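Comments concern the structure below.
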Amino acid sequence: MEIIQLLEKLFPICRSITGNGIRETLNILSELAPIKQLEFPTGIQVFDWIIPKEWNIKDAYIKDKQGNKLVDFKENNLHVLGYSVPINKKVSKQELLSHIITLPDMPDAIPYATSYYKERWGFCIEHKKLENFIDDEYEVCIDSKLEEGFLTIGEGYIQGKTEDEILLSTYVCHPSMANNELSGPVVQTFLYKYLLSKKSDLNYSYRFLYVPETIGSITYLAHYGDVLKQKVKAGYVITCIGNDAPFTYKKSKQGDSLSDRAAINVLKSYNKEFNILDWFPWGSDERQYCSSGFNLPIGSLMRSLYGTYKEYHTSLDNLDFISEQAIKNSIQTYIDIIESIETNEIYINTNPHCEPQLGKRGLYPNLGSQKSYESYIKKIQWLLALSDGKHDVIDIAEKLNLPAKDFKDEINKLIEAGLLERYSRK
Amino acid sequence: MEIIQLLEKLFPICRSITGNGIRETLNILSELAPIKQLEFPTGIQVFDWIIPKEWNIKDAYIKDKQGNKLVDFKENNLHVLGYSVPINKKVSKQELLSHIITLPDMPDAIPYATSYYKERWGFCIEHKKLENFIDDEYEVCIDSKLEEGFLTIGEGYIQGKTEDEILLSTYVCHPSMANNELSGPVVQTFLYKYLLSKKSDLNYSYRFLYVPETIGSITYLAHYGDVLKQKVKAGYVITCIGNDAPFTYKKSKQGDSLSDRAAINVLKSYNKEFNILDWFPWGSDERQYCSSGFNLPIGSLMRSLYGTYKEYHTSLDNLDFISEQAIKNSIQTYIDIIESIETNEIYINTNPHCEPQLGKRGLYPNLGSQKSYESYIKKIQWLLALSDGKHDVIDIAEKLNLPAKDFKDEINKLIEAGLLERYSRK
Amino acid sequence: MEIIQLLEKLFPICRSITGNGIRETLNILSELAPIKQLEFPTGIQVFDWIIPKEWNIKDAYIKDKQGNKLVDFKENNLHVLGYSVPINKKVSKQELLSHIITLPDMPDAIPYATSYYKERWGFCIEHKKLENFIDDEYEVCIDSKLEEGFLTIGEGYIQGKTEDEILLSTYVCHPSMANNELSGPVVQTFLYKYLLSKKSDLNYSYRFLYVPETIGSITYLAHYGDVLKQKVKAGYVITCIGNDAPFTYKKSKQGDSLSDRAAINVLKSYNKEFNILDWFPWGSDERQYCSSGFNLPIGSLMRSLYGTYKEYHTSLDNLDFISEQAIKNSIQTYIDIIESIETNEIYINTNPHCEPQLGKRGLYPNLGSQKSYESYIKKIQWLLALSDGKHDVIDIAEKLNLPAKDFKDEINKLIEAGLLERYSRK
């Protein structure tokens, strides 16, 4: 299944923080890589929160007196306020308007709105459509259900050579929006698929979470937070990663975690524009992962930051807003970062007194160009110079503005020559 | 008593490092807030120094042969070299000129000069007046006394909830000059009066010193330095704070003391031009407070730095050089700093695992504007995120470029909701 | 012997990493200051290396069929590939060309090339001369010897008051090239001569090494590295220091060693353009001195960095490329750095409670100008303020952007007045 196909399949589904939309989404993603569905009963306490009732919806509309559908859920699932309680009655125009949300500044856009923790019903519509509401009375129907049930979390796992884990997390609770949110689960799942194909080489184990935002990560942490605290060495929240803007990296709260160092190492090496943001306590699930009680090393590589582009949380964040090229490039960037983390170790130069004689060990290769020779020999020299037990490969790679992953061959050559030994993972 | 009245009352008094000028000044300031006068006998040793004799002066003049007063102390007390020994005799023009100080570059200004530790007499005059000295002989009279007596220090005190102290210090030893020095005691005394009105809320105790510069702070430290070393957590030398220039903050020698952090936090939040200087070993009484033996956390918030404006130490530093508006604003700035220090504590988030649910606690208020809501919710989020025992309120306030004092309401709300607990003062 | 004379005497000698060229060079330099010649037998192991055979050469040429010398070692010793094995035979044009190195981009320059560890023969010639090679056959003669023998290292030493050492190292293995290398041994030897003249004042002992690059420093470290590790507190590799470019300082690998701090302190104080480079693992003998096993505090003060100027490693790096003025100025700069290291101590203010009264100790001198007075009094004030056991003289000197050596008089005055005491060398 290709990127575009997958996006088109997922886009129309009406996801929310609970319900069948998530399950359907996870089923489709599972065609690429196996995702287990964990179900947590509604009504249980997860830290300071209670899992709310499960919400499902079949249909919704507003009809005028002539029976014309002025608003139709089947045209765009954003038309219904998320978690709306069921309703089916005639209402006056005045009452109806108090249940309608629009964006006066963006008259062509349907806003995205929800009311998870307060029982309400409502519709979200294009502001310009308000002029069609000329009758005194309307028939409103929301065929939804709010019942006891389950909150669903998707989980993938790859067992690597060690129990140390990299955590990738994305969210699957937004209805038809493309950059926020579909780019996230799509990039994460292609990354997951790629890493599965490299499974036998992986030093780290990998955990992939597909959660409803906020309540999902809180629920997962309430059950498995202690395990994560012990095992997770790096990780990212994957979101808003599908449009053509430059990359934005939001650091983990730790500020200099392996996640931060690897992401910045890779972004710098591209010699393209990018932004780095210190952690801040709003945004996505890093709010929970980085809360003081856990303080996991979780950053987030995005393109346009949530809340800063005008299409955000509207119907304009659709499949036209993102591009296949951007998504492919985002997948590759996450791969580069993961491979840099995989390459990052601390080595010890076994011959620390003066330089070793490279020539007699055949380590001066006859490479094609002077330029590739220089790059090779400088990598060798820096590896030998800084493999003193205090610097890891990322430290060394920074000296040449290269991603750590680009040192893999040279490290292996030096290990074979007996000049480097693995010290320990930082 | 208003600022202008107070300035006009204090300006004509002939102050020096000892004598009745200080006492009279302190009596007038005491009408605003109680200032105790401490008297230290002349001749006693204070660290490396001896308190010099007490100096008082009634009159001084230079008359020409016709009996015209060419220079008259009663016109401007800067005309007499501070600490001049008494004299009353006829002198030749040549001898007289060796006792006259002028500023050739500023012919209209009377320079300010003193000779505390070497017995001399002299006059300071406008350079342009030298042309009036056409006679061969002059009558010079300085009706001063240099006698055993006392050095006077003014001290105010407010008992707060704890023994931890904030030290405010200014000097009262300059004759008729406005920015350096009257702005200092005036701002300090209005600040003192304001804090008295808030007495019941104060966490810190406050000590206000009015010293003759250098010898006064040395004398006080010689007697009470050990107490200050134990109690003082922050403080400032208040000087050169009356003219309309941008603020200049000179850091304490520690360089990152609470004083420094609070002052810079407040100045940054104004989004106006200001200067920060690292500590340097010349200037005012911070030279003594920050000497290695004490190393108190004493900075200094000024406007134009001493020695850098042309009116400094001349008769042009008069009441026209300063403004009521600047002084009012300086008082408010010191208040903002003090209130930020008062607000600065370390709190612990009692719910550190994931975010607490604010809605169920009524912490999502219905505020008027979106902007004030955003400011409120961001303060709440940062307080919860960084109240981990390692960050104080100033650290948190810096994240939003707000003064720490602006977090008071949100802190109280979170404490009431049981989400924050006071940890300890840093 | 003056600089120019010395350069002209040393320039024609054919130096290599072993052989009589080094010995002759050291003999000439010894006329300025005593240099002992240490001889290490060929074939012994020094860490990862084997000292190669000793190489000496008497003559070399290429003749065409008419017996014309197309290339003549006696005209320029760069014409022979360093360490060429002896040869004396007729060769075809094709074979000859495979043994000739030229620089197509610089047709007038003879390149400098060597083959120390792989037995070869070759000639280096101006690219434009290739057009003279029109015959089919040539007579090639290299009258060299590669035999068991010795590697020679020159060593000078000045015993100072302590065993703490400053290490100066330069190299003497390049044939006729001026900036790289003759500027190095010339500057080092004049510095050595100067320090000898100050011997009785020196706190540190001084070691001056004249090594063949790489193999020489490795050999020395293999024998005396443990001594250096224990004694050396600062030092520099002196190279590429003769042309008129701004100074370039390459830091030691430690990055904030005494060497680095003193060199940067002095360079900053000149208020002229200069460059600072972090350490990197290519270049000269600092590669060995700073290898992890030793990590000596060795930096390098240069002018144009090796490898970055077009004359580097060609016959254009000749006596015209450097200047007497630049060399004199380089010597003075190294002297200023050494004297700043000599002046750098930690002192304790014996009167740490408030300022001492300078007047009663005669420490307010009657200096000529206001400017020199201000400089003097500020030095005194900073010395007293920061002599708290945590700051050394370089720290203090940085506050006034002066070299540490300029504080010598004021330190001595304060010591005499009993206000400073030596604490310990950092």
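Letters A, B and C mark the chains in the order given here, with residues in each chain numbered from 1 onward.
Rule of thumb we're sticking to: a residue touches a chain if its C-beta (ideal position, glycine included) is under 8 Å from a C-beta of that chain, and two chains touch if they have at least 3 such contacts.
These numbers come from a predicted model, not from an experiment.
Participant: Please report how far chain B has to rotate so that its Cα atoms sit on those of chain C, a copy of the same sequence, as a value between 0 and 180° in steps of 5.
Facilitator: To map chain B onto chain C, rotate by about 120 degrees.
Participant: Over half of the interface residue numbers used by both chain A and chain B, so same, or under half, so different?
Facilitator: different
Participant: Counting in whole Å, what is the centre-to-centre distance of chain A and chain B, each centre being its mean C-alpha position?
Facilitator: Using C-alpha averages as centres, the distance is 55 Å.
Participant: What are the residues of chain B that contact at least two other chains?
Facilitator: Residues of chain B touching two or more partner chains: there are none.
Participant: Which stretch or stretches of chain C touch chain B in the complex?
Facilitator: Residues 349, 351-357, 359-360, 378, 381-382, 384-385, 387-388, 399 of chain C touch chain B in their complex.
Participant: Tell me, which parts of chain A touch chain B in their complex?
Facilitator: 47-49, 117-118, 214, 217-218, 221-222, 225, 253, 280-282, 287-288, 290-295
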